[in-house]
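Sharing a structure here in structure tokens format.
Every chain is named by a letter (A, B, C and D) in the order it is written, and numbering of its residues begins at 1.
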């Protein structure tokens, strides 16, 4: 399915369920996709950070795209992350995920090497020139340690290099600058990656949201999106407040024992397991698993939000 | 060739010459290897940061290891970087580079994901358990945005998980803590990645050095190493002073126009090209090339050091 | 005048006009205060970052508080910053500014020393114990290089140590956590320090705003606040959009020539000078002044917003 | 006493002993000074970071300078820190400490405000123009969050603005660049602030050292300095190894309970107390005190180094 221009709505970054020996659990993945589609989401984003793309081998990445694209069969667009350090490596992933059927690629700034804004621009131009599908920029400074400057994003959008932006920077002021700058670019899609200020991002003009927590509660984010589009800001805020409380689950893991990725991704998977959607809550290595007590905490968040 | 325990001496991180269309230029690579071997270096480190490993595709990485191992034929050990984000992806690289003949693998902390020290420990244990060859830790906070704690390194060394450390942190105080802690670990190799305080690192007990600039002047670093081993600290410092001046070339690129990697790696390759060792000074994308004027600056550094 | 509990509304961080020889220009300061009061602001915050408090001597700081408190005569509350590195030095400022009539003190986390959250807690407890007036926490990680954790702020609020928070972190997700946590603390005031997402902060429940740009356009921020309180979110957004465009002035200074403080504070003062409110746009040393051309840019922002 | 040009040797940053109610304990301070002078140090640096200058009130700062200058009576030079955020505030401290007899002032880059290199240059020029005594630059990025660029330091040194540099950056490569650049500036003094790579800094040409640990063991650092000057690098390294082991005391405090300043400064003061030099080991607020068990650890470090 061709990517709408602009892409709008709720676009969950789809978790990648694993088997106990850490292979992709395709049946669980497809159940998760059904759960999201049934929840009313508008597109799917596979191989993002929430999908543990940084932990999946190339073989596993292709397996995920093929399984999801094959299963959805054009019902809704499937975007795929191509997370890697530099242009040549990203181009290899672009070839793989588009061969497997991805309808857009989601591309971060280069990382590992020390990178200049002019190199970021060149990176996106080169990837877009070689990609058979639209390119969405992925701004995630916590991972790549560079913030995509607003003028860089808007310049590339104006030149038709970028079809959209997924903003996971947490910096709503910079996000607004891009939303405002994109008023003259009606086909460019500005998406927030935040779970907890989604209503605010939509209120100031975002086209949609890519919240990891939408794996756990797609219906909630779809309701939030619809309230926003209807101008029902009180309804949007109430839904957002409920989702903010639910999002507390990402702190379930003990910070003395594990990093933030282990805790957040472990909590999402524990929640999907507790809700009966996936078979096994394991995360990829070297992440630390949640303890039984920590999983119980996740269950309490679900119960508090009326999901268990 | 089996890795010596401990590995000592000068171990250049070998640049990866590219053709104008950015494929590995194997004949140039082998001429560079000959130049290094003739210069008296003690081992070779391929696929490190200076090798632009972050920019090479998987296919190109294998090509480099095969070419170098095939060419050196066991004259000296070949270590290979397996730079990637997380355990499963690193393990894929370990399989590839050891199949291609690497005699040790050089492994950074995980990156992209937010990582806890306990996850770093688990990462190294899993990689070492699966690797058929020794594992050397690669501490490069400027790239991975985590510093390997001294107690983590020493603990893994004591357990036999790590065979050595390449320290590119620039933090000589932390490096010394590891050198001192390794006094009871006579087979563990502590190597500095610095070009400009190599003499100081050797004076306080480092086993060797992995300086990127040794691509350009292997003889200089070998002389520096020999002076140090002979206790001739005045000779070592004089050689180091000459190499420090030569290292100024890494600033040849205009910081308003390019990042630090573009400038430093561009300068090393320009120097190798000017010295007639490689055919083409091009660096991988999205790096910015040096201008003609900037290449002239590199030439002046070479002339100043008596290398042109 | 006693601080309302909670403090609500628009609370501009009052610029400190200087004479050409960089003494406090009291007549200009009082004209600025009149301009703000006439604009309908709800309280005044002197000696904040926008006030160049970090650049004012102790003598000048007292002079500012005395002049403003003397001039307003209890019409509206005057809060004063007590920006300094550690508890004993902050306590000295508390004595000075309360002797001069400040009705609340605004206190950052300790800086310069490497500080632990437990030390931040102890700092606020000690300051509050010694202060004759309420203490407002000032979260400004760009200056002090520590983010006040939400649980620390809420814990201190629950214990009555803190009367409010001024959040200049730019992190709306963390801000929301505090707003939500403060629902059970009806006397605790949560204020955003942002100029450009003020509407979003108010929509999610903030009590008010402390925008530096309100020096230049107090009427605009007061209108924005009133629209928000009336639930007129479209009106709020339109006003905010106009203010966002006006805020572009903070980038008037050339980043190759000056830091962000020089540019932003220089622009605010240039705007006040162009509007005829203050006599001289000079900023304190070592800040770099705007060039004539850069001042012209500021003028264009004013004209664009209908202020010139 | 006039500052020698260049200043050389061991220049301890003198701890500031406090009474239990956190006033300056002048008798203890003077005993500490006697201990240092008897240990053979070459100058004294009061009001540095190790002196808790960031925690002392203006009154206490003056008290320290007056007491020390009055006590030493010109036997050796007394340098004084003037740590504050910006030029006007630093100039006030310069007036105070020089009135109290300081023979040089030690000045950091501006902090709190976002600072550009051109503003750093202007800051030092303004301070030097107004100071009746020589200005030494203090490079301490961990506190001020800016690194003094080598070319800035060398440019100011060449212009006679700076008489020396105290480098507490931990970056020996950058330090070497300054040492080398200062070869043509024979009156400019380049001092390392490191406790644990002092031998390396002296070996590559530093003029001296400003190690906090010299409060505890001045004799050790003076021996280290003499070995270095005599070219006895083995002797220097042995002394340095002993001092490195002793320096382990800075980690005595539990990092789950306190910040690095509390632990390091608490350990130095505990050691001075255990050695009978000062009456009370208390540190300034909001620092967390060492527990009894942690003080015992400090005692073991002293015993291990033969100091108890």
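We take it that a residue touches a chain if its C-beta (ideal position, glycine included) is under 8 Å from a C-beta of that chain, and two chains touch if they have at least 3 such contacts.
From a predicted model like this one, the values you see are computed outputs, not experimental measurements.
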Maximum centroid distance from chain D, chain identifier (CA atoms): A
Whole-Å gap separating chain B and chain C, where each centre is the average of the chain's CA atoms: 49
Centre distance in Å when chain C and chain D are each reduced to the mean of their C-alpha atoms: 35
Numbers and ranges of chain D residues touching at least 2 other chains: none
Chain contact topology (line, ring, star, complete or other): ring
Complete list of chain pairs which touch one another: A-B, A-C, B-D, C-D
Chain B-facing residues of chain A, complex: 22, 49, 54-58, 60, 83, 85-89, 92, 110-116, 118-120, 122-123, 126, 142-145, 255, 257-262, 284-288
Of chain D, residues touching chain B in the complex: 170-173, 176-177, 180, 194, 196-197, 199-200, 203-204, 233, 237, 240-241, 244
